[in-house]
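For clarity, chains are labelled A, B and C in written order, and residue numbers in each chain start from 1.
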């Protein structure tokens, strides 16, 4: 690792200067987004946007090439009964499945995202994490979803975490780096905010809430705190960073409220798959059901939507 | 010893008490206080509007420190006032007698006055607990209501009770952290001035109690209308007085507290609700979270 | 690195479609009489006035104008009810009637919320989520007190006062009616209440609720009208207690006009609260608190945080974040569920606000308004802030009662505190800092009846509310609110 180069480009931020977060105030604000009533054409537009932002995910110990190939088929053919649908942004898999996914997706414009760095715990030596990252990229991953070393972060070893992110970023090469904070293990919103700032300064292209393996995963309050950190980082540096809430967003209505929050916190520039993703496995079908209902006027049954 | 063999006594000059000092009224006016036989007992200061104004300035200045003093300290100081009064009780008995009371009644009044001070001294760190509350709001907030002193309180002391009535109205005001400007009984002013001397000797900070003597009719309007007075207590007075005071008090939404027809020697004339009358309830909210 | 970003874009891309609350699930009568002695009756002089929707300027209904004679009828009914059943009824039974009111309000909540927004211009989200639920909660809270009053005042026996005359404002019409009526009834009094001239409808619907709850006739009487009607209530010789919420100017008149009558009174008057932001505050939540403090209910809030005092070292950050946030506020149709800021309550209030906008600029402060569009018809004011305001400016000293914030900076705690307290008012205040000791110092030293630390504009039936200094006399809400409707006997 060329730490010289990394630290000259990215300077370790002074986390003591990161603004504090009041949990109750954040919850109140988050609840206000859920009070927004999204109807008719704005709902349809939002649902389509949600679909286009999904990282369709399978991260199970029981994953097989067959399962991943099927998921890729789903990504390509979300619901052919509804013509003109957008496709999802990416398929998210373990490093060993990157090649399978890449081949299954062919030349469809859907990215392959790979978790890396000893996902989900991150408990491995840095050399191994770097090697795993390079391997996934070599296999064709367009995006790397790394986990931070929460233990080190909670111990106050911020420099260690910063250097690790910076090193992984370098190992990514052209692949985009999403940094998973695993907010469910950070304990407080103050730590979420500091971890966000740390990750962005270390070179994250995206910051992401959760692995999906720990509860609580993504919540509106946690995501709001991260969005506000992204906004402040943007004003400070001029660099846009993307956001990916992951885990626990399984229904369309909630996803639309995430979009409301995004719109009212970062504005329209972020309202694209380039800057916002949902990490989810079952969200797509619920969105499809809602979209179909918007077209037909009838409430839908899950039996009519493919489960892959 | 001089030739007659009988010492010429030194007469007391009765002055007013402002900001911990004993000036004469700035107006230079006085009125003679006479005994039942029409003999002059003393020349009493006929306090003026300016004396009142100066007193309010002193009371306002003293408010920050006195209201921030610990409840324990305020209790200690009130207790000290009682001790000092006990020590000088003969002087007050004599003054009450001069103003027409029998010696027995005078002694009773002085003793009741001392006891009243002790009573309120004891309340200094308790009334808050009686009247405060933690309120169970339904959101994620800690919410509590506590009492705070209303501020500068103008007191028109009772006409017919030279010492006990005076103390019964001053003690609940100052034990609660307010500062006071008091107009003594016009008819029976002697004890007020001497009581000021007791206060002065008892670690009561300057300006916490300011005592004027004078004509009630002349000063009453000022007590009610001064814009830097937060509450006015008036003892006695008919409907016209009540009307006039409340009308003027409205200029700054002063709190108006009427204490008419009180028997100050009665047990019921001492209670924590009298403290509460010159207190404001403050409610504070804070989120409960991390 | 790209060019220095200055602004986020909220005005293009995905927008919210209109989401209007429906109005087809209830009806509003074309004309309302006076609610006296348990029934709606015509005013003696036969005069009516119109109540309009401030968002459209359309007439909604015609409402009786109560004369002195009508008020006299109402007070007589209240007296008769007091001397009759009500003062003799057990506390437990009184409580049951009040519980009934609370329940029916909950059942009819959607209707009440919609009518409140129609008649007063406030956003449906607020009437639905705040005004109406809080009003019902108030009745619930005080219903439970009715048979427990002897526990509230140690060493004393509480007794009711008699007839309470109550005059309420237009900013929280139903909620203020609840604040007044619930404790009055719980304490065994009967009531004559006058809602504000521009917002009578929810009080009249509350009269229906009270009737349907089966309260004995005359226990609650609701008479509509303007200032003269209110004066007739306040000055009626058979009223024992006056409760008023409104401007300090009118409060002063009331305190004067009942002088010498011995009537007990509580006054909830104006305010000019300082919201004090320290550099060590949680800035994003503080910005939210500023917004909630001044733009809640179009700023028609006596306890609004209408003065922002921000510590110099974070002033630029706070103000730029505030401006950014203001861009996301949706101003418009009060019935749209996504509206954040509704209509100004009346033409005359709009005129007052606009005159202050001019005053502020003439005084040299810099005005900034959000860039939103407002409808052509109706009364509207964009969210407005003034930077560079000084303590000597009228926009800093006087209550504007609109969505207008005056911003000043301070350097030290003492300076912030001095400025915060440098006002004849003392209703509320706000403090934002992460440091506990500083919170207690500030909340203790701010001379106001309600202090919000790291939050703002929170209300609860259990929480006493009321002002220091010219912001009023007495408390409403909580145990402390009972005091206003009782005499305490030894």
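Assume a residue touches a chain if its C-beta (ideal position, glycine included) is under 8 Å from a C-beta of that chain, and two chains touch if they have at least 3 such contacts.
Just so it is clear, the model here is predicted, and its values are computed rather than measured.
> Any chance you could check whether A-B or A-C wins on number of contacting C-beta pairs?
More contacting C-beta pairs are found at A-C.
> Report the chain closest to the protein's overall CA mean, measuring from each chain's own CA mean.
Smallest offset from the overall C-alpha mean is found for C.
> With chain centres set to the mean of the C-alpha atoms, which chain is at the far end from chain A?
Checked the centroid distances; the maximum from chain A is B.
> Counting in whole Å, what is the centre-to-centre distance of chain B and chain C, each centre being its mean C-alpha position?
38
> Report, in whole Å, the distance between the mean C-alpha point of chain A and the mean C-alpha point of chain B.
Here the centre of chain B sits 70 Å away from the centre of chain A.
> Give, as an integer number of Å, the spacing between the C-alpha centres of chain C and chain A.
44
> At which residue positions does chain B touch at least two other chains?
In chain B, 141, 287 touch at least two other chains.
> Would you please write down the residue numbers of chain A that are in contact with two or more other chains?
In chain A, residues 22, 24-25 touch at least two other chains, as defined above.
> Give me the residue numbers in chain C that touch at least two other chains, ranges are fine.
Touching at least two other chains: 454-455.
> Flag every residue of chain B that touches chain C in the complex, lowest number first.
For this pair, the touching residues of chain B are 130, 133, 135-139, 141, 143, 145, 148, 150, 230, 239-240, 242-247, 249-253, 255, 268, 271-273, 280-287.
> Going by the contact rule at the top, pick out the chain A residues touching chain B in the complex.
22-25, 27, 187-190
> Please give the residue numbers of chain A that touch chain C in the complex, ascending.
Checking each residue of chain A against chain C gives 19-22, 24-26, 28-29, 35-43, 45-46, 49, 228, 231, 234-235, 237-239, 259-260, 263-264, 266-269, 271.
> Inside the complex, what are the residues of chain B that reach chain A?
For this pair, the touching residues of chain B are 140-141, 287-290.
> Per the contact definition, I'd like the list of chain C residues that touch chain B in the complex.
137, 154-156, 248, 251-253, 255-256, 258-260, 262, 267, 269, 424, 439, 443-444, 448-455, 458, 460, 462-466, 468-473, 475, 478-480, 488, 490
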